[in-house]
């Protein structure tokens, strides 16, 4: 959906693009061999660019696909083969098609190992808001609520601040929630943060960032372990 | 299930066999071209013997088959192809296989035009008891409850009296019900009876039977229309 | 029992005020030909059930833009600012469901059930006004079954008794909708001889389908959307 | 992520007291090889979920006759007088469900739902002790989802990532059970190269399956039952 918007941005603002790529590249390392993974629109879909296929990961798309590989060119586009974001895709060997009902059975039934999603707001205890801004943006929830609530592991890949430079990570969310206490990890261009026991724990710092900058741009208490944190 | 038993009876008691065949032959006439039909075990399955295939009927079996044709011989039996009664079967052109969940969606969702079932007891208002005799026979319900309750039309094909010669058609059922007010028509070796507005209406009399005999063997009020009833 | 018919006969019974389910997720699986015929047919005050509203001037969006739809039960409208605008202007009533709950409600109707219990959205605004019950210690909202008067679906291949096979991601909502309407109308890209489909590979058994219409020539709408080619 | 393993490894994690779903409706689709291995493995106090109990001395009946099963959740035992006798002698606890409700409860568990509402059996003894609710004017009993620790299923063909294709009436309960257990073990008659199955014809996507075991030689149990040849 916003893939298109994302692509337009790519052409205009390289800095944001670099940040997004950095996030996607880091996020890819969270994927373990053989896992079933769903990639939301935006930065999550960028992970495909960096995916190590030796892991034999299977990418799930809500519209009834397991085993999507990547967006494809006009020449190879098949009118009957798009992902949930609307983009034309190609497949890995062993891919399968199924109906929307089985597709969400897979998600809710606990067979989705990781979902990567974007965020408008994330709270200290891992609440996620990413689907509506009352009075401004109310396009409906799509499959996001089920992905957020039921993926075995939910990783948020997002720019650390919103378009107005305000923190997305807050003590508590102001916007209507997608799901409560669902986020396991947050990956931004500045930091990797684990959500553990209703607390945010800084686990990695971007090479380009400082601890001070991260704390300043995070509107929630951040646990910082002793010692030197890994850089990414 | 009791198909086997039925066949053994066939060899021993020709009279009962003739009655059963008569019922099956008459029951076949209720099937309209193109209908989706489920045949319970026993007499209902005998209908296959008399089925006019020009009607392009599709026979449903609960274990996930649409388009069964008939029981088949040892030579053509396929270890993966049985009906819900356990017998090896063959198929008509256009048959399909599906899982048990879709099979009962078809039944409950209103796509089954007629179910033919046997009975232990049937009441005036069309209640059916055909699955258990407390303390004696409690093998479980199988798919019968859903067939009885949800088929668009439920036709009971049964001998008019039970093994002890007692009426099966009663003012009200004594045995635990399969479903309430579900029966649309009863076909026995003696009569064809419609269940209309909580009443039993005699519509046909067997060539071998008399009205007196039918009334005597029916333990419920029977509406008999004026004039000569058709014979079958 | 040949279910093959022409398109105008197929949709002729649709009436004002009816509830219509329409298959498809984006372009794949959307029955554009049936939608176009419904637009010509003129039925109004419809309730539409569809995953999304396609995109402006495409598919069901045409029906909505023409004012034929009073109410839309859907999952998201992120790709259709026109319909979102109509919603904001109260020209159409929209009920949003989580996508998996929407298809599950349809399947539930198709399976002859009354409803189901799910914890999706239990901690969100979506649980407002819903009955909440506890079963085996789990708390969930009661979701009601959805059925329609008519389902309009798209399949790749069909036969004259209504057996259907879908292709790739064009399957999506079509199989569930095929079970959940009083009258199910399928447009198919080709009709083949009955008996030539592999019985193990049939997605929708003919029992669920009432009318089959062959698409003689695919309209442009069925083609590639250039703005969705991302590489 | 090769899921192919040998049979003893496949079932080695099964523990006393677990709940095991077993596919099959009669002989077709019953995973006789996995059942035999479970018998050898020795786990006791099991709860078994299966459409029926096969027939005496066949399939799951062997497990029950050996006293390994405390509780059986099933649809009917009309073909198994041995297990019916054990039930009457209170040697095994049996819970009967209408067949379609049984598979729907399994599917419901597999779909990550809590339960569903159905009017099946509402006027019968089966509705006793069930929660009854009314939704949109329809009264129904609340049926709870069923899940298991382990599902043992049978498929005709599989690949090394767990994609499965079932054959003819051997499909039955297998696809639903494949979604509804923490560990899903599939025995398959043959394993083929990943990528060689038609993606449109795969019945159970690999995501649902944890372990795949190839049946090298079909035991006699998989064959024709002479007493079920009716003509």
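The letters A, B, C and D name the chains in turn, as written, and every chain counts its residues from 1.
Here is the rule we use: a contact is a pair of C-beta atoms (placed from the backbone, for glycine too) under 8 Å apart; a residue touches a chain by one contact, two chains touch by 3 or more.
Because the structure is predicted, anything quoted here is derived from the model rather than measured.
Number of steps on the shortest path from chain A to chain B, with steps defined by chain touch: 2.
With respect to chain B, maximal separation of chain centres occurs for A (centres as means of Cα atoms).
With each centre defined as the average position of its C-alpha atoms, the distance from chain C to chain D rounds to 32 Å. Rounded to whole angstrom, the centroid-to-centroid distance between chain A and chain C, based on C-alpha atoms, equals 29 Å.
Note on chain placement: the centre of chain B and the centre of chain C lie 36 Å apart, centres being C-alpha means. Residues of chain D in contact with two or more other chains: 104, 107, 111-113, 118-119, 166-168, 171, 199-200. Within chain A, contacts with two or more other chains are made by residues 97-98, 101, 104, 107-108, 150. Shown here, the protein chains touch in an arrangement that is not a line, ring, star or fully connected set. Chains touching one another form the pairs A-C, A-D, B-C, B-D, C-D.
Listing the residues of chain D that touch chain C in their complex gives 104, 108, 111-119, 131, 133, 135-136, 138, 140, 142, 144, 165-168, 171, 198-201. By the touch criterion given at the top, residues 25-29, 51-52, 74-79, 84, 87, 94, 96-101, 103-104, 106-107, 118-121, 123-126, 156, 166-176, 203, 222-231 of chain D touch chain B in their complex. Of all residues in chain A, those touching chain C in their complex are 1-4, 7, 61-65, 70-74, 77-84, 86-88, 97-101, 103-104, 107-108, 138-146, 149-150, 176-180. Contacts from chain B toward chain C in the complex involve residues 33-34, 36, 55-56, 58, 60, 66-67, 91, 93-98, 101-102, 104-112, 150.
Chain C meets chain B in the complex at residues 1, 107, 109-113, 159, 161, 163, 179-180, 182, 194-195, 197, 199-200, 202, 205-208.
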